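For reference, the structures are reproduced in the following blocks.
The two complexes that follow have subunit A in common; it is paired with subunit B in the first and with subunit C in the second.
Then we have the complex of A and B:
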């Protein structure tokens, strides 16, 4: 029998994302994990700049609005000064992998004990769907009107794979998706693992989430979910790239 | 009198004694000794030190530190400070106090390694996008630098603004005897967040009443202007000419004034210590029959000279000539300032305003 999910206490006000958008699911899962781990009054949501900035209005918990791309740097300071607090960087692909790639890589490389959640919708949602570092080969966006030409713009970045393979100290790295109940359940486990890793001082944790952006993809919510499953997942596989070490 | 100490070390140590709990920075000549010194000293004292990957990352770390309520600072030089401006503007938007030390080097872009004052306009006008100011303090010697560091932190906290210690290459590199202040307690501001969600009234940038905020900020700046102008002055009441200069140029100018007076010319000086707020009040003490003001600067275009003109327009007779001795870079010698004063006195140099 399906379990009824209780709305986490910290999600009071309504947050308005587009119908079919993945951000709402991710915010909800993060809040559920925080609550289930008993961290409701021990968390800072550090939010980057993208459609998810709207979440800051609806979250009843300590939160901070970072500059575009810089949440990993501000999170680093939050953690150093509040070592027992759960620090979450909520960012998008444009935020974390384009403008913030320097801060993202450096934070992972220093193995800061924080959790970065990057919601990858293969474009800059908030500014109207421009090409980002994760736009797929051939994907049409408002700045790749003929489809992304990887010969001149490079191949989409795989940040979780980069961290998992190049930064051996990282504690936990995974990629999930919001497109089916099974995927949502798995994603929740990934997020919880990442938080537990942080709370145990195991080091840097990263969860990337493949997320539909029906508005900028010019699709219905259902079509956009199909695109994630049938197209995006072939380039961006789901799974745990770095598991927590059993201690 | 205290021991001899290098400028950058003195500034770093003074910040720790003022209770700084957090530093993030990136090396750049001529401020590098600050990051080097702190890398050893802060762990020793149990404070947080981070060598960041860039100036931009450093200031964003300072943002996180200030949001946590910690006394925090960063340091850099000119072009490195440029990279911090987005963050400094964000700090202003969030009313978060901090200290940034700018050990300036002369020039545009990458610039030079020469001592200079080419960042006056940038630092006194806020520096990033937007409609804000920071309190800018400029020392002319190491004892003053050390004393201003503690003051800068206190003013930043009091008014919820940023503070810039605007110093220069030669001051960072030179040694002087210095009395260090006592250690102050390390404590967090009450408005800092730590995850327990006890502060419920923090305003999100998305829902803030921006018009109300802007008016409140302007009012706060007016109070700062009224209360926090600082300067050193001499011989203003009888002055035929008043030399205005800050930092090491100011120190040299004060020496030049003594020499010029010894030759029988009535000159006075104003050495701004706060570059913002500009010490307008000092000008009210000047001889009403003064024949001219002379701005002495370590840049080529003349930057502070505009603030002198604006001040005279506001408070004094704006038709008094204002000259500018802009020496590009390097500390002007007393001899040079004296010679150029004599040329002004002889009508050989044209005023700027």
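Then we have the complex of A and C:
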């Protein structure tokens, strides 16, 4: 007999993401991990500004809509005041790596005991697909209509690698993707590891997720999955960059 | 016996479940749902309850009806 797979009780109403958007999968995985770790009534979702701000509608848990880019900073405050609560900072690439890069780096540098989950879709999805720090070289967006010129705008940022190599105290750093069932299952392990690291007071944990954005890339959902697999993964490799130390 | 519960009112017709189904058991319905999409339907005879559709669906359409654990 097959194993029962049911939506976590924390999730209710449908969220109005675009068809094919990866955010729905990430929200569900986070809720599943919270439920499996028994933290349903002991969690604060700190949501930044982006398409994923819509997710507040579907999550029946304590949550906070942070200022743009400042979710890591407000999560730090929540953790200081509630040291036993699971704090999740749920952000996008424009939120965490452009507008909030100062807060994101400072939080990692201070090794705050929180979990940051960033969903990287290589543009500013909510505002119409503008270029962000993670836009790939040559990618056309509404603010780089001839393709991103890395001679004048710099190369795309690899934040997980930066944290893993430069901040040796960080507890857990990984990058996953939502483009196949195998990748989704791996991503769930990464998210669970990050939460366990926080609950064991091991320090800062970060999981980046490569997610398709069919609407702003001008593609069908299936084409956008192919783009993540064939184009984005060549620049942003998947895997664990910093594993938890066995204590 | 029904193996998968499909909540068709949530489906947005992205088609990701169709390419990730190992038995080609999922297709689009003829009728449209309230959002104007043709929702996914599961062929119960071909389905093997693997859970791939539950895992990959971004809109929480599928529930696998099996045993606990």
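The working rule: the second predicted complex is superposed on the first by the 243 of 247 C-alpha atoms of A that agree within 3 Å, B and C clash if a C-alpha of one lies under 4 Å from a C-alpha of the other, contacts with A are read in each partner's own complex, and residues count from 1 in each chain.
Just so it is clear, contacts are C-beta pairs under 8 Å (C-beta built on N, C-alpha and C of every residue); 3 or more make two chains touch, one makes a residue touch a chain.
Values in this document were obtained by computation on a predicted structure and should not be read as measured data.
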Which partner does A:57 contact after superposing on A: first (subunit B), second (subunit C), both, neither? first
Touched partner set for A:65, first subunit B, second subunit C, both or neither: first
Partner chain(s) touched by A:171 [first = subunit B, second = subunit C, both, neither]: neither
Hey, which residues of subunit C end up touching subunit A in the complex? 3, 9-10, 12-16, 19-20, 37, 48-52, 54-60, 62-69
Complex contacts: residues of subunit A adjacent to subunit B: 40-44, 46, 53-54, 56-57, 60-67, 70, 73-78, 80-82, 85-87, 102-103, 106
Subunit B residues touching subunit A in their complex are 21-22, 24, 48, 50, 52-54, 56-58, 60-65, 67-68, 70, 72, 86-87, 90, 193-197, 199-200, 204-207
For subunit A, which residues are in contact with subunit C within the complex? 1-7, 11, 14, 17-25, 28, 178, 180-181, 184-185, 214, 220-222, 225
